[in-house]
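Letters A, B and C mark the chains as written, and numbering starts fresh at 1 in each.
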Amino acid sequence: MPQVMDKEVKQGVQQDEPIVKYENICKSFGDLEVLKGIDLDIMPGEKVALIGPSGSGKTTIIRMLMTLEEPTSGNIIVNGKNLWKMNKNDHLVRANDKHLRQIRGDIGMVFQHFNLFPHMTILENCTTALIHVKKMEKKEAEERSMKMLEKVGLGDKFDAYPSQLSGGQKQRVAMARALVMRPQVMLFDEVTSALDPELVGEVLEVIRDIAKDGEMAMILVTHEMDFAQEIADRVVFLDNGVIAEEGTPEEVLEKSNNERLQSFLHRFRNGNGV
Amino acid sequence: MIDISILDVFPVLLKGVSVTIQVLVLSAIFSYLIAFIAGFGRLSKNVLVRKFTGFYIEIFRGTSLIVQLFWFYYAIPMLFNVQVGSELMAGVLAISLNYGAYMSEIVRGSIIAVDKGQREAATALNMTRFQQMRLVILPQAVRMMLPEFGNYLIQILKATSLVSLIGMTDILYHGNMLRSTNIAMAPTIYLLILVFYFILALPLIFLTRKAEDISKKGVASS
Amino acid sequence: MNWKWDMFFDAFPFVVQGLWITIALTFASYLFALLFGFMWTFLKRIPNKPLNWLVTWVMEFIRSTPPLVQLFFIFYAWPMVPGIGMTLSPFTSAIVGIGIHYSTYISEVYRSGIESVGKGQWEASRALNFTRWQTWRKVILPQALPPTIPMLGNYLIIMFKEVPLASTIGVTGILHMANTYGAHHFRYLEALTIVAILFLVLSYPAAVLVRKLEEKMNRRFDKNEILKEDKGVVM
């Protein structure tokens, strides 16, 4: 794979270089082939929405980028560096933990089920990685975290424990926790689908806010079509493990002739999408 | 004339309390230590370590504590032709290895029981494996272990009575001595011994209940 | 290393003589515990506050004091109790002593089984106008008992390993035989090792069996919480 080696040699990232590049990614769980050759580029600051029926592999795509799942074959390039493979004596070998850690520092993730640390306060949830991973002074970490908590509208809750919060509040904390790390790419894994309907709005509001700042690339796996249309620069429709349609929200959600996509959207707009 | 009463039995038994507590404290410390070592051993990535710990656990859970105690006290010195074994050492070793084996299953089970999402969130925050264990998994797993750890503390207290059989001068030993000269006092003696143990167990019972309360709070329920 | 195979083979038949006593005592005290445990559960269900409190603490007392001392109490002290006391053989004393101690644990198993049957079952039985006895026999017990079987199996294994305590009051099980052999030949190593091996050989397959049963029941009844309560009580 000479082109991969080439990329590793390049120093720095130009503005027109993708920050994340999926190259022919396949993934199987046992006999089940979930992804069958995905090619996808994400540009710095770009907002990409991944949509598709459940089981189409959209969550797997972002989980592989977060190093929670290893691809069966193919390459994921982050900032010009191969994520799951590393160079050892001029050979590409399976990445070890240290290599993964060096690269995934630029990536953050928000989960469907929040995954807040229940034994820590809201503030500690935010500061713990700053202190232990980024080796930041406690005071500085707390200042940065408090600012972020205020931004998501939970400044007054810094002392509470996750169990004392509503689902929507938990998810906003989870976003603050990921944001304080200042990732270049942020992954959202169906962040509203575990929430009661009346709590979805407050979470989308925060995402909208983050998106406006513009700096950070975002990949959203979502079932909120209207929201995807509103904030995404690009919408990617996954079906049966391949990218079946891709383009601007308008192109994909309104003008596409893809039959599978049509029926998917149709089912959704009739309110029983999942 | 048999004229001993509770007031005569009491001070005799009291002489054994310090030995009982000594064995209890040492055994508890080593049991917990072994439980963690073996619990992590069972979760090791190294197959050899995993198999070896599994073997140790099955051996000690598969045999009887009293047999292990006698084996450590009578058989080991003979096997290796050395007189390493003081009574205290044999007693603490047998109890700790036995309960360490049982409690290692709790350590292992609790670590596994921590929600998978916790580890994923820690990965997403770019923590090292060691940091994930120390900052995220263990604090929650330990909360889950507490009630069972409390229960086992009471088990260990009960187990300490066995050391009287290898000649350690604990509560039961002194009681047995007194009974051998005053068989008529046996009801008073043994009832009082039971009360002694119960009084020692009371703080442990309340500790366990407290542990259950703590454990109910602060564990992930995704 | 100072291991002698000839001693091992010499001691083996001698020690094994005690095996039947050990096994008989295991089952006898187990049966006793099953029945006595039933009594505790029954007493605890009587809706009377003071009685409840008393039963709870008596059980707590029995459970948190050493079975060895309880054994001594029954063997040495019971005959001396004025009025109701009587002399019991070592074997009988062991049945009662070990049986009573574990009955408090067994009772908890029963309780967890009964509590695992939902409130709706009681209400449905009432709606069908069952008598109390019919409700227990037809509705509650058929649901409460099966999930407790693995736990009860566990306690059989636990009590098996507890039975050698009885050698201290002269029940001639395998541990007692090994000690006798050891005292005769001034060598405990091989004889005690035989005892350990016998326990391992008998309890390990039983434990595997119970684990299998547990998994099967878990799948069938999907009642993880009550089965997880395995306290692993030895001693």
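To be clear about the criterion, a residue touches a chain if its C-beta (ideal position, glycine included) is under 8 Å from a C-beta of that chain, and two chains touch if they have at least 3 such contacts.
The chain lineup, named per UniProt: A = Ectoine/hydroxyectoine ABC transporter ATP-binding protein EhuA; B = Ectoine/hydroxyectoine ABC transporter permease subunit EhuC; C = Ectoine/hydroxyectoine ABC transporter permease subunit EhuD.
Worth saying up front: this structure is predicted, and the values here are computed from it rather than measured.
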item: Graph class of chain-chain contacts, one of line, ring, star, complete, other; value: line
item: Pair of chains whose C-beta contact count is the highest in the structure; value: B-C
item: Distance between the centres, which are taken as Cα means, of subunit C and subunit B, whole angstrom; value: 20
item: Distance from subunit C to subunit A - Cα centre to Cα centre, in angstrom; value: 55
item: Inter-centroid spacing, subunit B versus subunit A (mean Cα positions, whole Å); value: 47
item: Residue numbers of subunit C (touch at least two other chains); value: none
item: Residue ranges of subunit C touching subunit B (in the complex, touch as defined); value: 1-3, 60-61, 63-70, 72-73, 76-81, 85, 161-165, 167-168, 175, 179, 182, 187-189, 192-193, 195-196, 199-200, 203-204, 207, 231-235
item: Interfacial residue positions of subunit B with respect to subunit C in the complex; value: 58-59, 61-68, 70-71, 74-75, 78-81, 98-99, 102, 105, 148, 151, 154-155, 157-162, 165, 172, 175-176, 179, 183-187, 189-191, 193-194, 197-198, 201, 204-205
item: Sites on subunit B touched by subunit A in the complex; value: 115, 117-118, 120-121, 123-129, 131, 135-136, 139-140, 143, 217-222
item: Subunit A to subunit B touching residues, read off their complex; value: 66-68, 97, 101, 104-105, 107-109, 111, 113-119, 128-129, 132-133, 161, 163, 174, 177-178, 181
